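Please see the structure below; I have some questions.
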Amino acid sequence: MALLEIRNLNVHYGAIHALQGINVTVEQGKIVTLLGANGAGKSTTLRAISGLLRQVKGDILYQGRSLFGRPPHDIVRDGIAQVPEGRGIFPDLSVLENLNLGAYIRSDKKGIEEDRERALTLFPRIRERLQQKAGTLSGGEQQMLATARALLARPKLLLLDEPSLGLAPQIVLTIFRIIREINETGTTILLVEQNAHMALQAAHYAYVLECGRITMHDDAKALAESDAVKKAYLGG
Amino acid sequence: MSVLLDINSISLSFGGLKALSDFNLLMNKGDLQGLIGPNGAGKTTCFNVLTGVYAPQAGEMRLDGKLLNGMCCNQITRAGLARTFQNIRLFGNLTVLDNVLVASRTQIRHTMFGTVLRSMGHLREERALHAEAMTLLEVFDLAHLAHETSRNLPYGSQRRLEIARALATRPKILLLDEPAAGMNPQEKKLLAELILSVREKFHVTILLIEHDMCLVMSICERITVLDHGVTIAQGTPQEIQCDPKVIEAYLGKPMESEAI
Amino acid sequence: MVALLRGFYPYAIAILIAFVMYKVMPVGAEKIDLGILQINSFFTKVTGAIGIAIIMAVSLNIVNGYTGQFSLGHAGFMAIGAYTSAWITHYGSIHFFGNANAMEGLFTKGSALFVASLLAAGLVSALFGYLVGLPSLRLRGDYLAIVTLGFGEILRALLNQTQPVLDEFDIEEATRGEIFTGLGGALGFSGVPKYSNLFWVWSVAIITVIICYRLKQSIHGKAFLSIRENEIAAEAMGVPTTHYKVAAFAIAAFFAGVGGALFAHTLGNIVSPNEMNYQRSIDFVIMVVLGGMGSISGSVIAAVALTILPESLREFSEYRMIVYAILLIVFMIVRPDGIFGIREFWEVKWIRRLFRRTPKETHAP
Amino acid sequence: MSAAVRRITVAAAMVAGLAVATMAAHAADDTIKIGHYASKTGPEATFGQSSDKGVKMAIDEANNAGGVLGKKLELITYDTQGKSAEASNAVTRLINNDHVVALLGEVASSLSLAGGEIAQANGIPMITHASTNPKVTQGRDMVFRVCFIDPFQGYAVAKFATDNLKAKKIAILYDQGQAYSVGLRKDFSKAVKQLGGTITTEQSYTGGDQDFSAQLTTIREGQPDAIFIPGYYTDVGNIALQVRKLGITVPLLGTDGWDSAKLKEIAGDALKDCYYSNHYTPEDPRPELQAFIKKFKELHNGETPDAMAVLAYDGANVLLDAMKRANTTEPKALAKAIGETKGFKGVTGTITLDENRNAKKPAVILQMKDGEWRYAASIAPPADEK
Amino acid sequence: MIKLVQTLLSSISVGSLYALIALGYTMVYGTLKFINFAHASIFMLGAWFSAIIAAALLANGVTGIPAIVLSILIVMVICTTLGFVIERLAYRPLRDAPRLNVLITAIGVALLIENVAALNDVKIPGTQTTIHGFGTQPGKMPELLANADLFSIPLGSGTVVVDKVDALILGLSICLMIVLEFIIYNTRLGAAMRAASHDARTAALMGIPVDRTISITFIIGTSLAAAAGFLYVMKYPSINPPVAVTWGLLGLKAFVAAVVGGIGNVRGAVVGGLLIGILEQAGAAYLSPHFRDVYVFALLIFVLLVRPTGIFGSTAVEKV
């Protein structure tokens, strides 16, 4: 059984028909990527999954149960953590506080401690700055913090929204390496990316979104080799 | 061909983040140029600098030889530079016609006293601007909706109304910020035609931010590509499409496999 | 020339209507017997109060409704107008006519002085409106509300400190400073000549409505409204928003000042600092909110209803504010734009349906 | 435009209809109507409620005795909420809708000013029972009062302080937002200076203030022999408590605004050996007063009437007395008769109206002793005072 | 000298009360972004309920410290419950509405509370039930602390008096502020509150129940108002009637304190409150008592024009 199954999802923003009946299946233990140009509806899909959108039609099944009508904080409890676009760190809170917020839903102190250690081992640069205000971190560090924070929820499914956005290539490399590592520990990942090359190298299989519709769906390798993705992005 | 808009090494940074560095753009009268780049590349920031929302920290902007630096938004608009918004910003509770009339305020000379007394100037100008606004709506196929509350319009019409409204300020240059966002291919096609016809009918110069490459490639004469606030390419659509730097910016660099 | 006349002709009608009202409505012991209803001078007094409420509510609508700012200091402007005009007519009457007694009738020798005082009241108030409006360039929403409120409170404290009103006997030996600050202090400005009557009140009220309506229908007016709808877009469409926002304050303050002046010269009204407090401002805000932010006819209807209802339900005065409060809350949740929203009542769809009118568009000009 | 005008006209007509439906006037009948306006709600509600009790008692008594001029009396009372605009509306309504022959009311001077203006303009006589500001009756030959005026009250307290208490240095703390208080402060300080005393400082507060420490600290610096506080009881309670807290032990002097059972309840011991001037004292042994108090207590669960109730009772009786003497309810004649009131035996004392339509009456000074207000002295009006 | 010391003492006592009220404003503004005009009304209710409860306790023989502790707790519970109801019925439906609408609602709620509280005994027609409001008469807080003087120091020509109530106000205010500071900066809940106030959407993605967190913030603010109401009537036993302008004015001044300190900032509210207390007391003592309110509002206008973010506030940029 797929961990997450999106069936005929439709989203309207006022007059915009942002998602027009998409179907996505995320298999347990895989990295799935959702590609597409800006405004194609990638972030909308993630928001629909995490319960931030209200005007939604279709169905989203998680472990066989529908996620519809449940508040976001409840969905997090079920093991779906999201790293929002633009990182969504809380700049006035310290780095440590940001991290702890990730474990908000948990109360096993020891487990949290361990997970924090593990996350900090993944992102050693964060460890040096635990007491700093999160707003003073660089973009790359903020992305790392956001990812580490999401891990503290001990998610079964991790939703990543454009982790490479606005970051220098070197840092993007690091981030994607860590994404693979996270996946290897058993966490399923749904990755939304603009950076198609990176995403396709990291992912097992991919969907391509164009104007609110899934236009392609294939093995990551196959897509990486085809010209279709480039076309979807650059037209022509 | 005379230079209409001359942007000379504009820079802007927020805190430590360089949103726009050393940005240059030349536009001749009648040009239709595109400004593209991945998310967060600084395109909208560029529009915001041009329209006076942010003040650039370095560089000069000239419209028709007139320095735009230091002007506030409404002065720049009155100087001849109008824009639309990425997220539609109509005057939702006003009618379609009223939305256009607000923009045509740049043309009126009579004061509020004239309005209150219904002076000759008031009557003449209001009448003329009403007529003009209706003509404009006609062009955008909105005339039959003139008295509809703009909030209730379908999405595509709202987008068109934004352009019509911007044109009512009688701009020399029209800045379109993602006009096709959220449109379906059919609508996009119509939009492309509309943009071209607007340029013909209203003799405006157009700068277009757009994510839909098909649209940009098909109608723009020149394209500027931004990434991380830096101009990485400038040229014709064909040149841009083949530019490896552009492809890299959009699709990312292929990773060295040992990095993983 | 003809066009010019056309511009004036609604004002002429307004003055005519007011004149007829003045002539017809009884004063003193007279009354009109209409069978079930006897119209007497109490009716006349309430009609006058309605006129002033209309002036206040419609003018406040320019700030709170048109431009979407939030002023809680309208009673302050009213007070400024009231004091300015009272000062002019009181001391003016002593100076010109030797005493400050009330003058009956429409066109007495004091009327010119009264009209001048109305204008002065409006202008002084507008000046203050301009000054209070200046912070609106930097502040919005609730901060602005607090500043306007603070302005009203400062004004109240200052007015409380003024000297007693001087009469024709005191004035001989008074210094200039004493005359200038002779505004009555806490007791209020009493003994103001009672020039105000239905003619003046309703002339001003109808003219205020016409001016505000014309403004709203004009392109200038749409510029006001655009600020409320979306300030950033308004600015981008070339609307000098700062100019319009301050102008809104000044215009609203002008009419509030004139309204205050009419209030001060009405028989039986005492202008005192403590009665011009923010609770009175809130009364006007309630009228604007319930009638519809931006709807002139809405404000007019609310002003009329909220002036008559407490009179007819005097026994239930304890519950008046409770009902208003509940209405405010319920409206904000269910119908946040007030009864008519931004529209005039004849433009509202459900009203049109009610009257089964053919939906003919009438658009000015 | 014309369409808009037409619509506005329609709207106006609708509204007028609403007004018509809600404000139908009372039909006339064969009773004598007397109007009373009082602040039954609002910040000064005790005044209105007490007045109401006094007036009602007087009218009921007259009706039980067979009415006046062969007709029954009808009392119509409207609430003013303590606002002048409401007061003027109430008075206009009483006169024009209810056709009262005379008006009784208000306590607060600013409200009596507003009401008096309308009574004067309509030629209906009005008796205020407790407004002490001189302006209320000034230049209005239809407005009368049955209490003393502020200049006298200020004089009375000053006289008592300098003569009886031998206080030479007196500080003043007044309510800058109340005309009553501002007026008394002026009259008092004038009288003290005339009587050879000095005013150490004049401090102010605003009604409703709760903290007076800054003013009291300043007052303490001047080391006065007494502090004059011409305020309402609502504020005096806190002031008294804070005075004592700051270690000031001198007596506090007050005026009739102190007259409320609440004050004693709130301030308690802090008021020990403090004084205030009043219109009457329940200790006064005169039989008419004691009879009134007895009856009042019977009617209102043993409540001792305060000055407002007693004065209101007197005011109403002065009016009824004048009505009998005039033998008509015609306003002019009635007003003349009221103006001629001489030696009327009221429960607050003998009432004689002077040429300024003010009552000339002695003031009573009360002292807080053993937790009760006791009679301390009576100050007669000075002979030479106008 | 003695005047200076006395003025300073009363400034601190008044200022800490302002600070306590300001904390409520600042918390609500921080998370919900509107001026909770009803805060002053809750404060008023706290004051009135304190008097009633204290009287009831005294009548049942509870005195001294236990009476103080008990009544403050009961008052906080009552007001908190009320705050919860208000938030649920009036404010929560407006979570996504424009701020101006919420502001108007808040004014409505304030008017409602004041005027219902001001009702005298009202018989509900058709039933035997009577609603007892607080009426329009001033109330009286019974004395819970006998022998109010804590100590007095002779100084120069007179004595400086410090009484127990002032000490209690200062002590309790400091305690509450420390507790609040602890909750906000050192607990999970506090982190959630700060997160929700900064970005509700992302906070929800952390598994924070945003609605509930905002309600809790609101309720904490309300309970602070109740505590402030209690301390207030301890200091000023004569309680103004519910409709008196005083309450609103007091609330406004406390809000000014919050703005001056930097809205949304706990320490700012405390500093602002003390500043307003000093300004008001010193102004009244050394300049002129006539213009006490003027000083405060003039300071507000000055601060808003010169540094709209207040002393501790940080700037926020509006996005286009």
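Which chain is which? They are A, B, C, D and E, in the order written, and residues in each are numbered from 1.
The criterion applied here is as follows: a contact is a pair of C-beta atoms (placed from the backbone, for glycine too) under 8 Å apart; a residue touches a chain by one contact, two chains touch by 3 or more.
It should be emphasised that the depicted structure is a prediction, and the values quoted were computed from it without experimental measurement.
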Separation of subunit B from subunit A in steps, with touching chains one step apart: 1
Set of chains whose contacts include both subunit D and subunit C: E
Any chain in contact with subunit A as well as subunit C: B, E
Chain whose mean Cα position lies farthest from subunit D: A
Most distant chain from subunit C, judged by the mean position of its C-alpha atoms: A
Between C-E and A-E, the pair joined by more C-beta contacts: C-E
Averaged-CA centre spacing for the pair subunit D and subunit B, given as whole angstrom: 72
Centre-of-Cα separation between subunit C and subunit B, whole angstrom: 43
Cα-centroid distance, subunit B relative to subunit E, in whole angstrom: 49
CA centroid of subunit D to CA centroid of subunit E, Å: 36
Multi-partner residues of subunit E (each touching 2 or more other chains): 118, 245, 249, 290, 292-293, 320
Interface hub residues of subunit B, defined as touching at least two other chains: 53
Residue numbers on subunit B that touch subunit A, as the complex places them: 16-17, 38-40, 153-156, 158, 178, 181-185, 211-218, 228, 237, 241, 246-247, 250-255, 257, 259-260
Residue numbers on subunit E that touch subunit A, as the complex places them: 188, 191-192, 194-195, 198-199, 201-211, 314
Complex contact set, residues of subunit C against subunit B: 3-4, 6-8, 211, 214-215, 218-223, 225-226, 229-230, 232-241, 247, 251, 294, 337, 341-342, 361, 363, 365
Subunit A - residues contacting subunit E, complex: 50-52, 71-73, 76-77, 81-82, 84, 88, 90-93, 97, 100-102, 104-105, 149, 153
Subunit E-facing residues of subunit C, complex: 68, 70, 135, 138-139, 141-143, 145-147, 149-151, 153-154, 157-158, 160-161, 232, 277-279, 282, 285, 289, 318-319, 321-322, 324-329, 332-333, 336
